[in-house]
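Below is one structure; the comments refer to it alone.
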Amino acid sequence: MNRSFIGRNPSILIFLLVLAIFTIGVTFMSEAFGAGMISTSFVKTLGKTLCLALVAVAMDLIWGYAGILSLGHFAFFGLGGYMIGMWLMYERTREIVESSMMEAPIPPTEQEIVDGIGNQIFGVVGSSEFPAVWAFADSLVLQLALVVLVPGLLAFVFGWLAFRSRVTGVYLSILTQAMTLALSLYLFQNDSGLRGNNGLSGLQNLPGLDDVSQDYVSMWFFWGSALALALGYVFAAWIVSGKFGSVIRGIRDNEARVRFLGYSVEGYKLFLFTVTAMIAGIAGALYYPQAGIINPAEIAPIASIYLAVWVAIGGRGRLYGAVIGAVFVSLVSTYFTGGQAPDINLGFYTIQWVDWWTILLGLSFVLVTLFAPQGIGGLFDLVSGRHHPDRHGADLGPDHGSLREEEAEE
Amino acid sequence: MLKRLLVIVLAAVCLATLAKAQDAATQATDDLGPMQQVLQEHADLIVESSRRTIGPAIDAVANSGLEAAQTVLEVWQARDMYQRIEDGLFFAAEETGDDIFTLTDFDTGVVVGEVPDDALEQIKPNSGIRSLIGTALVSFQLNDPDRAKRDEAISSLERRGNAELLTPLRNSIDGEPDPALKERKMRVERLMTITYDPDEDARIEAIEEMAGDLGVDVRATLNPLVATTIRVFPDGNVPADLNIAREVEPGSEELPVAEAYEMLDGPPMVSSDDLRATLQDNIVDGRVGGIPVAELFDPERREAAYGALVDAGTIPPRPTAEEAAQAVEDATFVAVYAEPNPAITAAANRALGKIDTNVGLNQFLDLGLDALSLGSIYFLAAIGLAITFGVMGVINMAHGEFIMMGAYTGYVVQQIIPNHTASIIVAIPLAFAVTFAAGVAMERLVIRWLYNRPLETLLATFGISIALQQLAKNIFGTQARPLTSPDWLGGSVVLNDVVSISTVRIAIFVLALVFLCVFLFIMKRTRLGLETRAVTQNPGMAGAMGINPGRVNMLTFGLGSGIAGIAGVAIGLYAQVTSEIGQAYIVQSFMTVVVGGVGNIWGTLLGAGLIGALHKGIEWFNPSNTLAAQTYMIIFIIIFIQFRPRGIIALKGRAAGD
Amino acid sequence: MSQLLEVNGISVTFDGFRAINNLSFNIGRAELRAIIGPNGAGKTTFMDIVTGKTKPDEGTVLWGEMSRNLIGMNEARIAQEGIGRKFQKPTVFEDQSVEDNLLMALRNNRRAFAVLFWKPTDADMNRVSELAAEIGLSNALGRKAGELSHGQKQWLEIGMLLAQEPKLLLVDEPAAGMTPEEREKTTDILVEAAKTRAVVVVEHDMEFVRRLNCKVTVLHEGSVLAEGSLDHVTANKQVIDVYLGR
C-alpha cells in the first residue's frame, strides 16, 4: 500500500507512453511539421478522436466505475463546445465586422460594432439582439470558465435532484436521456439564443490568427487534445485508484451496503457526476473548434448512446478500455461512413457501407453485450491473466429494482 | 356662308334621321314585351358595361316587378345575354351548333330562332358588374323555389352583406319553408342588422341578442365596430363629437414614444444611422465640422461634429430628445372608433366581452379534448411498454422501432391494397403479427440472456434500435411516407366554431380504450396473464408449478411488441411515417410508464393523461413553440419524479421488493 | 446505567399489513442480545427502522447519551452515529480485495473530498492487519473478496463492521449456511465484540442462540412477546404456542 500511485498502476505509464509516441508520430507525419504523410483534415479527425477518448474516459468513470449509465454526458460535451464556440464566433465575427466597417468613411462606434456582430450572428434566426447568454462572449477567460461551469452546474442541479430522490439504474438512465432530449429540443428553438438548428459555425478559425494556416492550427489543437487526454486519464486513474475508487465501485456493486458503511452515496454520485460532466465539457471545448461547427443535433440523445456504445465495446471499468473503444469505433466509423470502404457486391445487391455501417455497429454492439461484456479491453486480461470473480449473472449496476426501496417513498 | 349652310343642312338631316329612328323605336316598343322594353330603355348602359354606370340598369330590371327579371339577371350574369345587331333587341342565347345560336325571348320564354354568331353581339359584363348583378339576384334567389338557390343566396349574404338586401332578406324569412335555411336567414338578418340597419336601437338590440355567440361570423361582424385608430391632437383639444375609445399613453407598447413623435408633424428626429449618414455626407478634408474623422468612433465626438455642422448652418437643427419628449407630452393621443355612435360601440364591447368569456371556456374544453387525444396517443405508444417494462421489467429501447415497424407495415399494405378502409383492416392484424414475430425473435435471441441485468438489456436493445432504424432508412428512404386514413376517418366532429376534434383522434381515443380493456382482460382473466404475473413475481416458483417461464416470457414480450405494432398503425395515421417515428415517442413512452408507476396499467393511463394535459397546457401558454413545450414538460417530469419517485400509483410495502 | 438505544412504541404499516406494532426495545452499552421470532415477526423490519432504511409511522428511536432521535436521519448518517449492520446474505464488495474492503470500512472521515485525498497511515494498516487476524483472513488480504468461501465472506463482513467501530452492531442471521466449526468461530467473534459494544443478533437457530448465552427478546406479529434468558423465554407458554402453533 505504500507504493506510489504510478507504481500501483503501471497501465498509466504504458498509456502515457503510447499516447506520447502517437502524438510525436503524428507530428512528424503532419503537413505542418513533418513529412506531410497525414493530411490536415485527418489530423483534425485524429484530434477529434482524442477528445472523444477523453469524454469516453469520463463516461467510464461514471458508468464503468460508479455504475451510473448516464445518457447525458454527450450533452455536457456539447455544452462545452457551445461555450467555447460562442467566444470563437463572437470574436471572429467582430473581426469581420470591424474590418468591413473600417472601410466606411466614418469609423464605427463600439455600439455599432456590437450591433453589427449581432446582425451577423443572429440574422439567420431573424434577430439582431444579443441574448443574455452571450453576456460574456467577448471574454475568452470567462467563456473558458463557462466551459467547465455550465456543464458542471447542469450536472450538479440535475444530479442533486435525481440522486436525492434515489432514482437509480435504468430509471436514472431514462431520466438522463430525457434531460438530454430536453436540452437538445431547447437548443433547436430559434429563440434559445444559440442560433437554433443553425448552431454555431466557423469555429475552426481562431480569431486574430488569420495568417496562420489550418495546417498549424490543427496541430495545436491536436497537441491540446493529446495533453487534455493525458491529464484527464491520469486524473481519472488517480480518482479510481484510492479509497474513493473503492467507494464508487462499492456503490456500483452494492449501493445499500456502502450506505450502511456510513458513506453518503448520494454525495459521491453527485461529486462524480459533476466532475465527469466538467471533463466532458472540456473535451467538447477541444472537439468543436476542430469540427468547425456545432448544432443541437450533436446533443441529441443518440449521441450519448453512442458514447455508451464506445465504452462498452472498449471495455467498461477500465480506463484504457474506454479510450480504446472510443478511438477504435470512431475511427472505424469514419472509415466506413466516409465512403472510403469499398462496396461489397453480392451480385443481387451491393452493400454500401455508408448505409449499412450503422446496422453493423448496432448488431456488433448487441454481440459485445451478449458475448464479450469485458469488451476489447478484455483481450488484455487474456495476456495479463487478470481474473474476474464470477458475478453469477449480476449486472454491474445497482440492485435490481433499487428504486422501489422503502426510503424512496418520502 | 356656304359653310354655315352646310352645317345647317347636315343638322337637319341628322335630326330627321334621329326622329325617324325614334319613331321606329317607339313603334317597336309597342310590340315588344315589357322586359324587352325595360332592357331597351337602358340599352346604352347595358352595352357600354361599366361598373360605375350600370347601377340604374340593374335596378330597373330588378325592380321591374316582372317575372322575367330573375331570368334576365341570371342570363346576364352568366354572359349568355346577346344583342341582335339587326334590331338591337336582347335575347338569351345558347350556342346550339357550329357558330349558330338559338335565341330565346325573355318575356315569353319562346325560342325566337337560330342565327349565326356574326349577327349577334355578346354582352360581356365584367366581374364588378357581375357581382352587382349577383347582389340584385340575391333578393330573387332568397325566394326561389329551388332550395339550392336559396342556400346559395344565403351563403352569398354570409360572405358579404349588403345594406340594400336587408329588407328583401327580412321579407323572405316568413315565407321560408326549410327550417334550417330559415334559421340561417334569421342569423344573417341579425348580423346584417348590426352592420347596416339605420336604426340605432335595432342595431343595439341585435348586438345584445348575439352576445355570447361563439360563431366566427359574429366576431367578424362585431370587431369592425370596435376597431380604433390612434389620432393625435397636438394642442390637447379633442373634438367632442368623436367616439373615443380611450386615451393612449405615449411610451406604452401600443404607441412607442418615437412613433408618437412621428405622428406630430414636427421636425424629424435624427437616428444614430441618420446622424452617421449626415456626417458622412459632410466630410471635408478628412474632417467633419472641424473634428477629424478618425475621432468619430466616439459617440460624443459624433454629437459634437453634428453640433458643429448645425452651428455652421450646413444642416438644419434637430429636435433634442427633451424637445421631442415635451412635444409628445403636450399632445393628446386618443384611440377613436371608426363607428361614430358610442351606444353601438359600447354594446359591441359588452357583447364581445361576453363572447370572449364564452370562447375562453370553450377553448378550455377544446384544449381538454386535445389533451385527451394526445394522452391517448401517448397511452397507445406506452401500453406495449407497460407490458414489457411494467410487467416484465425488461427495458426495451427498441420499442419505438416496433412502433415504426407497425407504421411501415401499414404503409406497405396500403401500397398493395388501394382501398383505405380495407387496407387498415388488413394492416392492424398484420402489424401485430409482424411486430409480435420481431418481439419473439428479439426475446429469444437477446433478451432472455440478459434477464435481471437491466442496464445491459438497455444497451443491447439500443443496438437493435439503431440497427432497425438504419434498416428502415435503407429500405424506405429518409423521406416521410404517408399513411392515408380512410375517408370516414378524414373529417372532424365540430361542436361549434371553437371546439372541434378530428375523427382520427377520436378513433385513436377509442383504440386506446380498447387496448386498455384488452390489456386488463389478458392480465386478469386469461391463463397467460396469470402465468405472466406468476413468472414476473417468482420465476423459480412458477417454474416449479409447471409453468414454462421461457415460453411465458416469450409470449408476453411478443404481446407487448405486437401492441406496439398496432399503435404504430394508429400513430402513422396521425403523423408522418419516417424511420424516426419511434424515436419521437420512446422517451415520452418511458416517461408515461415511469410517471404513472411501473407495473400498474392504471398508472400508465394516468401518466399518459397527465403528460398529454401537461403538454397541451404548456403549449397553450406558448402556442408558437412546441419545442419549448416538450422541453418544459420533460423538466416538469424530472421534478415530478422528485416527489413521487415511484410514480403516481406506487406499489407499497415489502412486496415491492428491496 | 443509561440505555444506548431506546426504541419506543414504533409502528409501521405496509399496505394495511401491520409489520411492526407498538414495539419497544432497549439495549445497554455493552450487551449481547438475541432476537428470535417466527417468520414475519418483524425482525428485519425492526432492523430496517433502526438503520434508517424504513421510516416508521409513529414512535421514536432514541440513541446515545444525548438521546437523539434517529428517525428522519438517512442510513449513512445513522451509520456514522455508530450503528453497524450485517445483512443476512453476505454482502461484501466481491470485485475488490479483502484489504480494500476493510480499508473502506475503517472508521475515518466519510466525506467525499476527505476520501479523495485520503492516504492510509501506518495506524490504519496495523488496524487492518489486526482485524484480518481477528476474522482469520490474514493470509487472504490480497485476494478478491469474491473468491472467498461463504463463511469467509460472512467473517469479512463482520470484520468490516468491527472496522467501523460501531457502538451498536445489528447482525442478521450470521450463522446461516455455515459449517459447525464456522459457527463456533462466529460465536466467539460476536461474544468478543459484545464486551466493548452492544450487539443485537437476529437468529432462527436456537442452538446458536443458546451458545451466545445472552438475554433473548422474542418478537411476534410486530411486538415483543417475551424477554429474558433463553431458558426463561422457552418456558413461556405464549412463546411455545407461537413456535409450535396452537
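Odds and ends about this structure:
A, B and C are the chain letters, set down in written order, and residue numbers restart from 1 in every chain.
As a working rule, a contact is a pair of C-beta atoms (placed from the backbone, for glycine too) under 8 Å apart; a residue touches a chain by one contact, two chains touch by 3 or more.
Note that this is a predicted model, so its numbers are computed, not measured.
Greatest centre-to-centre distance from chain B is found for C, with centres as Cα means. Centrality annotation: A (chain centre taken as mean Cα position, compared with the mean over all protein Cα atoms).
Averaged C-alpha coordinates give centres for chain A and chain B that are 45 Å from one another. Chain C has its Cα centroid 71 Å from the Cα centroid of chain B.
Shown for chain C are the residues in touch with two or more other chains, namely 53. In chain B, the residues that reach two or more other chains under the touch definition are 652, 658.
Looking at chain A, residues 405-406, 409 sit in touch with two or more other chains. Chain A makes touch with chain C in their complex at residues 1, 239, 242-244, 246-247, 249-250, 253-254, 256-257, 259-265, 267-268, 271, 387-391, 405-407, 409-410.
Against chain A, the residues of chain B that register as touching in their complex are 272, 276, 279-280, 283, 288, 293-294, 296-299, 302, 393, 395, 446, 449-450, 452-456, 458-460, 462-471, 473-474, 583, 587, 590-591, 594, 625, 627-628, 630-631, 634-635, 637-639, 641-643, 645-646, 650-652, 656-658.
Interface of chain C with chain A (complex): residues 48, 51-55, 74-77, 79-80, 84-85, 87, 91-96, 99-101, 103-105, 110-112, 115-116, 118-120, 125, 144-147, 160, 164.
Partner chain B is touched in their complex by these residues of chain A: 67, 69, 104-112, 158, 161-162, 164-167, 169-171, 173-175, 177-179, 181-183, 185-186, 188-189, 191, 301-302, 305, 308-309, 312, 355-356, 358-359, 361-366, 369-370, 373, 393-397, 400-401, 403-406, 408-409.
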